[in-house]
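The first chain written gets the first letter, and so on, giving A, B, C, D and E; residue counts start at 1 in each chain.
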Amino acid sequence: DAHATTVTIATVNNGDMIRMQGLTDDFNEKHPDITLEWVTLEENILRQRVTQDIATNGGQFDVLTIGMYETPIWAAQGWLVPLDDLGEDYDADDIIPAMRAGLSYEGTLYAAPFYGESSMVMYRTDLFDEAGLEMPREPTWEQIAEFARTLTDKDAEQYGICLRGKAGWGENMAFITTVANSFGARWFDEEWNAQLDSPEWLEAVTFYNDLMADAGPPGAATNGFNENLALFQQGKCGMWIDATVAASFVTNPNDSEVADSVGFALAPDTGRGKRANWLWAWALAVPSGSDATDAAKQFIAWATSKDYLELVASTEGWSNVPPGSRTSLYKNPEYAQVPFAEMTLESINLADPGNPTVDQVPYVGIQYVAIPEWQGIGTSAGQEFSNMLAGQQTPEEALARAQELVNEEMEAAGYR
Amino acid sequence: MATKASKSAARLMMAPAVTLLLGWMLVPLTMTLYFSFADYRPLRATFEPWIGFDNYVRFTSSSSFWDAVTTTLVMVGSILAITVVLGILLALLLDKPIFGQGIVRILIISPFFVMPTVSALVWKNMMMDPVNGVFSHVSRFLGATPHDFLTQTPLFSIILIVSWQWLPFATLILLTAIQSLDGEQLEAAEMDGAPPLKRFWHIILPHLARAITIVILIQTIFLLAIFAEIFVTTQGSFGTRTLTYLVFQRVLESQNVGLGSAGGIIAVILANIIALFLMRAVGKNLDA
Amino acid sequence: MARAVSTRTRFAWTALAWTIAFLMFFPILWTVLTSFKTEAEAIASPPSVVAFDWTLENYGVVQERSDYMRYLWNSIIIAGGSTLLGIAVAIPAAWAMAFVPGRFTRDILMWMLSTKMLPAVGVLYPIYLICIELGVLDNRAALVVILMLINLPIIVWMLYTYFKEIPGEILEAARMDGANLRSEILYVLTPMAIPGIASTILLNFILAWNEAFWTLNLTSVDAAPLTAFIASYSSPEGLFFAKLSAASTMAIAPILILGWFSQKQLVRGLTFGAVK
Amino acid sequence: MGHIKLNQITKSFGDVEVIPPLDLTIENGEFAVFVGPSGCGKSTLLRLIAGLEDVSSGHIEIDGRDVTDVPPAKRGLAMVFQSYALYPHMSVRKNIAFPLHMAGMDQAEQQRRVERAASVLNLTDYLDRRPGQLSGGQRQRVAIGRAIVREPAAFLFDEPLSNLDAALRHGMRMEIGELHQSLSTTMIYVTHDQVEAMTMADKIVVLRAGVIEQVGSPLDLYREPRNLFVAGFIGSPTMNLIEGDEARKHGAHTIGIRPEHIVPGDPDGAPWSGTVGLSEHLGSDTFLHVHGTGLTESITVRADGEVPLRHGDRVGLTPNAERIHRFDQAGLRIA
Amino acid sequence: MGHIKLNQITKSFGDVEVIPPLDLTIENGEFAVFVGPSGCGKSTLLRLIAGLEDVSSGHIEIDGRDVTDVPPAKRGLAMVFQSYALYPHMSVRKNIAFPLHMAGMDQAEQQRRVERAASVLNLTDYLDRRPGQLSGGQRQRVAIGRAIVREPAAFLFDEPLSNLDAALRHGMRMEIGELHQSLSTTMIYVTHDQVEAMTMADKIVVLRAGVIEQVGSPLDLYREPRNLFVAGFIGSPTMNLIEGDEARKHGAHTIGIRPEHIVPGDPDGAPWSGTVGLSEHLGSDTFLHVHGTGLTESITVRADGEVPLRHGDRVGLTPNAERIHRFDQAGLRIA
């Protein structure tokens, strides 16, 4: 109808999203009948708000920014609108297959990836040169640990490695789970028994804990992605293993003091067959309670289109284009010049959500377990590991308590 | 005043406030009570209206419950102790002849106006950050290694933040109370041979008893509900998970509404037990 | 104790008081200072206190990202509306309690206060469902009502203590002078209690302004106040200290300034008739 | 106008009967004073008349109209409270105009009446001040002003002078007296101050525990107290009361003699004698407290200011026989 | 013990000199009363003696010892405050024992002294109550109790009775008088109540604006006021002051005659005459306000309680010639 439709978008306050907010003029030009309202929130608050709203069918938002974890679960509940009709020129087949798989439920796409990521090693080439070290393309954990300890000089506020420690299923648990995967550990056996009491877990967690104690920054137990990013940009970290999207921030000379001396490598492994890299996408979805479904879809089609990537490239440069969502981007010769492009794609392609670790598991998800209880489990367990990192308990204690918590939760949820 | 007409008018006048609050209390509380006996997990599309006391048993038998109760008591108790003790000292100081008293008062009251989220953010990032925080700058300046407040002394840090916010409140109430003390009483005590410390102990402190109970009552009401400070700083880790926060995690993070509701009901009961004691004390002090 | 205080002692007290006041105020001061730095200067070590290039850039960035005025306006409406509505409901109730006390007056008062003990997280789900049912999510009027209900006990209590200090004889005089109940409250009681009512309004305005749970959970766009504004600034990625400082400053400045100007009134309000 | 009649009224607070059935008539234009010890129900009685309290039973008539269930505002009475009960936020002008404003009188008429009341009460210069800026006496006058503008059927005063200091009290007493003479409206005045009662009243109502002990003119009560209670209550210093043999000599159970009716003198030949205990020299008078008379513990005597007697002196006392009051066993006056 | 000597003491608050240089000696065991209008410096003087204020210059001696720089607690004085300044949270017992507790006296001795003080003051039954549960008079006694347990060299009272009602005031006045007789400790008593000053004092100190106008026994002041100020201040109702021809006849600028020294009578042949304005009948006395005498606006006369004069009657006035006070231009008494 003639009235302007309002689309309320709940989104997270990270750089790509905020950039998108700045580019809405382009959308408005193309769709003068649609008004966009932005609700930008910090990640934890966003998740809480969005979950609350969708679980109660509150209908406050027309577009949700959600992750790979929520999409299949919510889709299974019928809470999301299928996105298989975003228009002819949308070219859904161009979406990187791993992403598309992760954001689909029973073969139908329910959330369109805005950007996708895996994780990798980012390191300071200048420091490595200075110390006479060389980072292999495919490092092992052993090598990483050695480098980290060598590079650490706490008096000079130089820390060998920065890793996530802040409690949260999307914070430290994401990282620790990938470490555990690469050490051959798993969350559950095929009967949904928690496996945190396994020797693999102990090995992985002990390794992580010791490494952070020796070579991590102070306060690592409260450092999440953002804190580590700030540290790395300030030049305080020798290495940082985290999301591939960080690459564009650390190489951006406006924000980063070390922009011209960052190198990249694949996430490490232990030689047991799995690398410690995850797969994640921030995606846009439409809740079924929305009263502006069509307008919302038009917005999503715009925001996740190839054109949008070009738009960003033209205003902000190729290195600031949201990565990891479309195959065509990586085929673009201009984008190929971006230093981290290839490493990002390779990391993404290495990830296999169906087979996250060495052994078989009954669940999907690499750095998470795609069941509704995961948020609770992940956060509770994350707190135990955070406490451990803060020196309040040993890895054994942390694992024992996490094991107990997880079993309690699973029992209540009726898995056993 | 006590004519029939005024009595019935009084009933009429109280009606809106009482009805509104009764509704505000009863409707959500009844629903929460109902949920607390249900297995209600929206993310699983589970809704089973009656599962008995399972939620209560699970909530209270989980090890986090008692930890949370202890944390809550320690946190609230410490903040009360800090704000009351420092509040008294500050009030005594402000009662002295001071140049620029107005400005001093404005500076001291300011933290009270800062919204909890902002105050937590400011303390976490600007003050306590182990790398960029002011404290770390200071300790580096003094040649010490920066203390990592939020991980090494998390509970203390939150207590510090919240105390900072509430100290002005305590100070101002206590200051007004001190200023209301009849000067002749102090003079009488002086004539009776009481030195300053004894005057404080025997005259000023008892005079403050009423104000102190008010401070404790009001602060307890607000402190039991502390949320933003924890959410922003530690997210409940490192032993800073209060009962309120635990309920939050159950309801919103785990989306286990039944379990969380049971926790909510338990929190209401515990809060009211504490309140009952306080109200008794205040009631007595208000009559006196 | 009108004995002369030696100027030296006075200076000593002054120095001590100013030191403490400075320490109390320091976090706010530091935040405000940082908001005028560039991100690089904000993390410089050692930090510079005033000798940096003052810039308004952060405010520009924040304003560009979020329309500050809209949040501010919502804060004013919600905090102001809930306070005024609360006062309107509370005045009659406090009148009744103070001047026609019955056997249960004290119990009712204490009960009202005890409703404040309801943990918000515990009833979020029911309230959210009710709001959906009534179609008032992200609705300023709904928030006005909810915050009013939250603060009503405190408002009633404060007004009650003020009213109790007003001699009943004055109201009786008005009655003898021919005033009906409405005139009695409108022309005599309310104007007489203006200092008390003013401080009640102030305190509750501040409490409502800073209320962060309901305002955050029940709003998205139309009704989002400054508490929601600041929620998008906690730990964004990259260097954010200066921007966070600017956003924080913007979030607290209005209430801080209001508080400073009305400090005297407020102090009286804070005392709850606890002290005479 | 202003004939007030109380018909078997009673008042109980909860279980406590503060006023047992009581009848009283106050004539039009009369200045009636209620006196009695603290807590005897003076204020309660006044408030019942005003309508600020409901009677528990009985009827109140004003000018023949039954007003028992009429709200205070409609009874046509004005009241001056002990605390003055001025409206602190209004100027004097507004205070005085308030009842007129409430009655919906038009502005011009309000102004006229306020000006007139103010000029009667010497308040014209203060009309724009707030009560807080006035002295005690001026506040008192504003309270009266607020009462008189309404031209009420009767004025009710509840201890209106008790907050003033002695000098001011004296002045205001005279002013209220003059006001009564010029307006000749009925006034009911509660006090526990003797001097006020004696100097102002046309009719004094002496109350004890809600019961009327005596009603009469001041000098009636002074000269012929109906019982021991009234005898002891009226007069300052109080009447000396003597029981025993001396009383029996006069054919009474108790006799009373006021301090001013005893002449001190030479102990020889005087009917009574004793030693001076405390003597209070006021300059104009000396009050002697004489012990050891064998009549009662101490007899108070009013003597001349210049009397040369001191502590420990022997003194003879001669009562004025005509002024001896006689009371029977039940405390009632023997005529 | 209790000889207090003020030597050229002065006191200024900022630039305002409240007490100009002042000398005063109070003898051991004396009951000295400071009177004077409000704000004349009575309390200030008392507080200087107590040590609650520092003197600006001059010296204070107590029993020959210079205590100018000694803190209040060490001067050995006890003070009773106008507001009583009882400690509201302590029982009567604790209140009274407080100074002893502060002095570190042992429990048994404290108890003994408290009991003794309580029995002197009739407080034994109230020892376990809080001050809030006591009547005004009882509180007053507790305040005195707290003073006497210390067995001080002197008691200082600052308007201790001004919060009490008339009847109680009378009783307490007598109690303090008796206390003074039994303890015979020096007492300094501030009041602005005439009757208190006249009946209690051995020596009255009349102050005006910090200056001593006259020091003497009550009757000295009554009989021979040194100047107009004292003449007007002492005596109630106040002395009639007459200027002009009538005064010149007596060789003075002003003459004064007290109401009780004028005899009302037949207008014929009386030196003065006028018409009765208001007459106040107290029973025992009648105060006549006589207008139109040509001497001054109104002359107050004390007449007998039974005097038959009423408003508007002509009356003749005969002053007692011996009792006429004469004052010169400067207001000083002409001997």
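Here is the rule we go by: a contact is a pair of C-beta atoms (placed from the backbone, for glycine too) under 8 Å apart; a residue touches a chain by one contact, two chains touch by 3 or more.
Here is each chain with its UniProt name: B = SugA_1 protein; C = YcjP_2 protein; D, E = MalK_2 protein.
Just so you know, these numbers come straight off a predicted model, no measurement behind them.
Looking at B-D and B-C, the interface holding more C-beta pairs in contact is that of B-C. Look at the CA centroids: the one farthest from the centroid of subunit D (MalK_2 protein) belongs to A. Put simply, subunit D (MalK_2 protein) has to spin 175° for its C-alpha atoms to lie on subunit E (MalK_2 protein), with the angle rounded to a multiple of 5.
Between subunit D (MalK_2 protein) and subunit E (MalK_2 protein), the centres computed from C-alpha atoms are 27 Å apart. Chain centres here are Cα averages; for subunit A and subunit D (MalK_2 protein) they lie 90 Å apart. Note on chain placement: the centre of subunit C (YcjP_2 protein) and the centre of subunit D (MalK_2 protein) lie 53 Å apart, centres being C-alpha means. Averaging C-alpha coordinates per chain places the centre of subunit A 37 Å away from that of subunit B (SugA_1 protein). Along subunit E (MalK_2 protein), residues 52 each make contact with two or more other chains. Residues of subunit A in contact with two or more other chains: 52, 56, 230, 234. Multi-chain contact residues of subunit C (YcjP_2 protein) (touching two or more other chains): 1, 43, 124-125, 129, 172, 231, 233-235. Subunit C (YcjP_2 protein) contributes residues 167, 169-170, 172-180, 183, 187-188, 191-192, 194 to its touches with subunit D (MalK_2 protein) in the complex. Listed in rising order, the residues of subunit C (YcjP_2 protein) touching subunit A in the complex are 39-40, 43, 64-66, 124-125, 128-129, 131-132, 137-138, 216-217, 220-221, 224, 228, 231-240.
By the touch criterion stated above, subunit B (SugA_1 protein) contacts subunit C (YcjP_2 protein) in their complex at residues 1-2, 6-7, 9-11, 13-14, 16-18, 20-21, 24-25, 27-29, 31-32, 35, 90, 93-94, 96-101, 103-119, 121-123, 125-127, 131-132, 134, 137, 140-141, 164, 167-169, 172-173, 175-177, 180, 183, 186-187, 190, 210-211, 214, 217-218, 221, 224-225, 227-228, 232, 243-244, 247-248, 251-252, 257, 260-261, 263-265, 267-268, 271-272, 275, 279, 283.
Of all the residues in subunit C (YcjP_2 protein), the ones that touch subunit B (SugA_1 protein) in their complex are 1, 5, 10-11, 13-14, 16-18, 20-22, 24-28, 30-31, 34, 42-43, 45-47, 89-90, 92-93, 95-97, 99-100, 102, 106, 108, 110, 112-127, 129-130, 149, 152-154, 156, 168, 171-172, 181, 206, 209-210, 212-213, 226-227, 230-231, 233-235, 241, 244-245, 248, 251-252, 255-256, 258-260, 263, 266-268, 270-272, 274-276.
Partner subunit D (MalK_2 protein) is touched in their complex by these residues of subunit E (MalK_2 protein): 165-166, 174, 177-178, 193, 195, 198-199, 218-219, 222-223, 234-236, 258-260, 278, 280-285, 302, 305.
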